[in-house]
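In this document, chain identifiers A, B, C and D correspond to the written order of the chains, with residue numbering beginning at 1 in each.
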Amino acid sequence: MTQTTRQILKISCPDQKGLIAGTTQVLAKAGANILDLTQHTATDIDTFFLRAMFECPVDSLSNIKIHIEELGKRCAMDWDLHDANQKPKLALFGSKTDHCLYELFLGQRDGDLACEFVCLISNHVALEPVARQFNIPFFLVSSTQSKAEQEARFRDILAGSGAEALVLARYMQILSPEFTREWDRKVINIHHGFLPAFKGAKPYHQAWAKGVKLIGATAHFATEDLDQGPIIWQSVQQVPDTCSIERFIQIGKEVEKRTLAIALRYWIDHRVFVYQGRTFIL
Amino acid sequence: MTQTTRQILKISCPDQKGLIAGTTQVLAKAGANILDLTQHTATDIDTFFLRAMFECPVDSLSNIKIHIEELGKRCAMDWDLHDANQKPKLALFGSKTDHCLYELFLGQRDGDLACEFVCLISNHVALEPVARQFNIPFFLVSSTQSKAEQEARFRDILAGSGAEALVLARYMQILSPEFTREWDRKVINIHHGFLPAFKGAKPYHQAWAKGVKLIGATAHFATEDLDQGPIIWQSVQQVPDTCSIERFIQIGKEVEKRTLAIALRYWIDHRVFVYQGRTFIL
Amino acid sequence: MTQTTRQILKISCPDQKGLIAGTTQVLAKAGANILDLTQHTATDIDTFFLRAMFECPVDSLSNIKIHIEELGKRCAMDWDLHDANQKPKLALFGSKTDHCLYELFLGQRDGDLACEFVCLISNHVALEPVARQFNIPFFLVSSTQSKAEQEARFRDILAGSGAEALVLARYMQILSPEFTREWDRKVINIHHGFLPAFKGAKPYHQAWAKGVKLIGATAHFATEDLDQGPIIWQSVQQVPDTCSIERFIQIGKEVEKRTLAIALRYWIDHRVFVYQGRTFIL
Amino acid sequence: MTQTTRQILKISCPDQKGLIAGTTQVLAKAGANILDLTQHTATDIDTFFLRAMFECPVDSLSNIKIHIEELGKRCAMDWDLHDANQKPKLALFGSKTDHCLYELFLGQRDGDLACEFVCLISNHVALEPVARQFNIPFFLVSSTQSKAEQEARFRDILAGSGAEALVLARYMQILSPEFTREWDRKVINIHHGFLPAFKGAKPYHQAWAKGVKLIGATAHFATEDLDQGPIIWQSVQQVPDTCSIERFIQIGKEVEKRTLAIALRYWIDHRVFVYQGRTFIL
């Protein structure tokens, strides 16, 4: 019996006629069965986005790639194909708090997040026990060193662990523009504010002083512009007026961890398309 | 210049390979451009669902129909094609309260609900002013008559107004099984409870006595089994413990009108697929 | 039999011991029965807030006022007493869109908003029909005149109608600092953005360009600083990525009208305390 | 300097005049300062509920108790007084899944849940590692024994650990009526369904088959009637139609743990009043 594989195809390109027909014909001819396909044309930017999950015989895969490659050239497609069962390798960056880490580690352990966490880098030893407990290699990189020294260390660790993308799980440090560019669209950050409000430091204190009635968190790709990268997901939670700032932060932690886990899940499922500072989740 | 038309194609059928390729090739050959396509295979019931919105030259439409018809026969497709700019004609049934009616009439007037309300049938004169204000023909059909007499009258009115589907906007009366069957999958009801909890009469009083912390509303297709038809949309709202039953009902009205409007919008956009007592919203 | 009256007492003052005991003793001695009392001390600003709804004999009311007055002087209380059954007189300001107006007029008509709308002032005739339909006096004050002329006209209309507070239901014009100061803490505005993000003009366009995943609305007191006054209530709604800007605005309308109605309800119920640029809702 | 203590007073009784005045005078005379007081009279059942958090000198506490006792007798009060800084001792019951346990253990560790978990009882060894990691005594009580044997063992463990209340964190077993009565209003259960819908076994499968668009969880006091006890808190989450039952359950886990943590927090804060099968959260 032929072995089958489950794949996810992502395409974005200038819109034109026949793109779905062309693409799905390639798949059909290769004996693939599409299980979930979402296509959206953003008419204001005349751009076509497609995500298709399909099953096909393993030995037809190289053929599919060749024909999509051809089609892609003709249509100026930005495309990639992912093995749905191959778990992406993610490096985590943390600082002192571990609520996001537990959410991600438990989600990963239970199969809700189909990824592999290959290392946890932190500027504090506080996170070592949680890493050890989930058998994640832990690396202390003190932020007392120069940023250049720290990032040289990061590069070593990331290369050694085979990380494909980074998750900043309340890392609280700013990465250099060079480093950020090296991992362009591959650094997911959780900001504890409802962006674009409350950028920068101490967003909960800002929000509390402003007297907002809802607090939020925003998962986004980190870019050179602090807290300005493309938003992946946002959630909010109502806060009572009688909250202390401490309680405010507690409620926020809930929102942060949930928002980060949702955003990461979309990314793992290959649902996130970035286009000109925005994302489209298909 | 050729005139174009915007169409929505809905397909459901047993799953098999090549369905999207086959379908989109028909569209591509006819010069259509797909703007939004969502396909989902419900693997537990091995069923394929597809919704595609596309633009094509008006004169290619008959060709598309012929080829989809052929494909449909081969693949046991349940399919239909809708002109996206042709507004469905809806008949409304009400009783005394008008909060849902205002929501729908204003949504329709502002273009948020792309439909036409062809008549309002009510068992009370209380709703006549709101109908007149929005220029909707109003018909009083008293519920003191026998159900058979009332429904005979309904049939006349509906035939006369060209209604394609019915919306029960807090109608509070039960339609006969015969009548419901005549409009199978074409009667949208709003139930003021979070089904399947709180079926039947006075759901708010049931919920209040039970001490629930959230109240909800459910828009569903009416079937012969009271409040058991396929659910289209549901929403809930938190209720404080200090609520009186009167306030409870006020909060509920908000949830009802919003839920009904959302469900109706999905239906108008041809997003609702019914399969074995459930709906799939694509 | 003695006639009873239902009253709402609001107090804010520097915190100290015995404030509730002193206050409730006055009420108890006058034969009042408290039905709902909420007290909160904001410990960070050392400030006491109390709202009490009570029933008492009509003829004990003057006595209550005398004793609360005495207590208030001793404790530097900012206090006021409201007849719960006396509906506040509100003036509405609108421009062209009527979704908020319908929400408020229907809420008022159904008893959900226990207020009286004494006039609707607009810079466009478009709103005249909705005003007429609900029997609200309509005044056209064109914004082609100078702001001084317009506001002179506003003063006349408001004096003539006996308005106690103003609601800006998507008025879209900026009131002068002088006028705003005259109605300090008595102008409720609905801003169609999740403040403090998206201040100023075209907040939906700002939000859409930014690629946010939730849109919001903020009801707040208007102050001299545009869109900076104390926030009363905020709500958000998830928006799909496939939204056009038009659909975005439609979804926003829902959020706006609901948020404004909730904020207004809190205000009518005498639940809103303003303190140093923030509100406390008790 | 006199030492102060923070206390929480809860009262429920038949409504009558002067209850707040009488109570707060006792506190004022003892030199207490009230920080948060909420009072509500449920007029339909003519019942008075009050929660007050106050600070007072430690040596005035016995005096306060004596006078509240007197007042309580006169007014048929059901009252209790809690040291706000004394953490209640809770026993946990689990089975195989640990998502609720992590939520509670981490919340407790971070100070969000001001309680002490004195033991974890489970019918499976799977939970031992999580207990050990948070230094919670773990007891395996196999459900292969008779219920009487198991519950005899429970009584020993609970007596030994000094547990004041029980939390069923997805325990999946039914306690006997006798045992439940012994811990009347002291057993908090999380049910993975939006009660009163989906009682009993496999609520997610029930909900999924029914095609609901929201799934929920309900935290409630366990009583002899399975899944019928007074509801403490409920939450829901939207579920997409394209969900598999596995994904449905994953989403549900999020809702469960959050709902249980919120309910437990209310209970720990002494905010939960039970009255005739309902709760009031003040």
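We adopt the following convention: a contact is a pair of C-beta atoms (placed from the backbone, for glycine too) under 8 Å apart; a residue touches a chain by one contact, two chains touch by 3 or more.
The structure presented is a predicted model; accordingly, all values stated were derived computationally and were not measured.
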{"item": "Same or different contact residues where chain C meets its copy chain A, judged by the half mark", "value": "same"}
{"item": "Which of B-D and A-B has more C-beta pairs touching across its chains", "value": "B-D"}
{"item": "CA centroid of chain A to CA centroid of chain B, Å", "value": "36"}
{"item": "CA centroid of chain B to CA centroid of chain D, Å", "value": "41"}
{"item": "Per-residue overlap in chain B, given as positions that touch at least 2 other chains", "value": "36, 40, 43, 242"}
{"item": "Residue ranges of chain B touching chain A (in the complex, touch as defined)", "value": "15-22, 24-25, 27-29, 31-41, 43"}
{"item": "Touch list for chain D against partner chain A, complex", "value": "36, 98-99, 102, 106, 110, 112, 133, 242, 250, 253-254, 258"}
{"item": "Contact set on chain C toward chain A in their complex", "value": "40, 42-44, 194-198, 209-214, 216, 230-236, 241-242, 244-245, 277-282"}
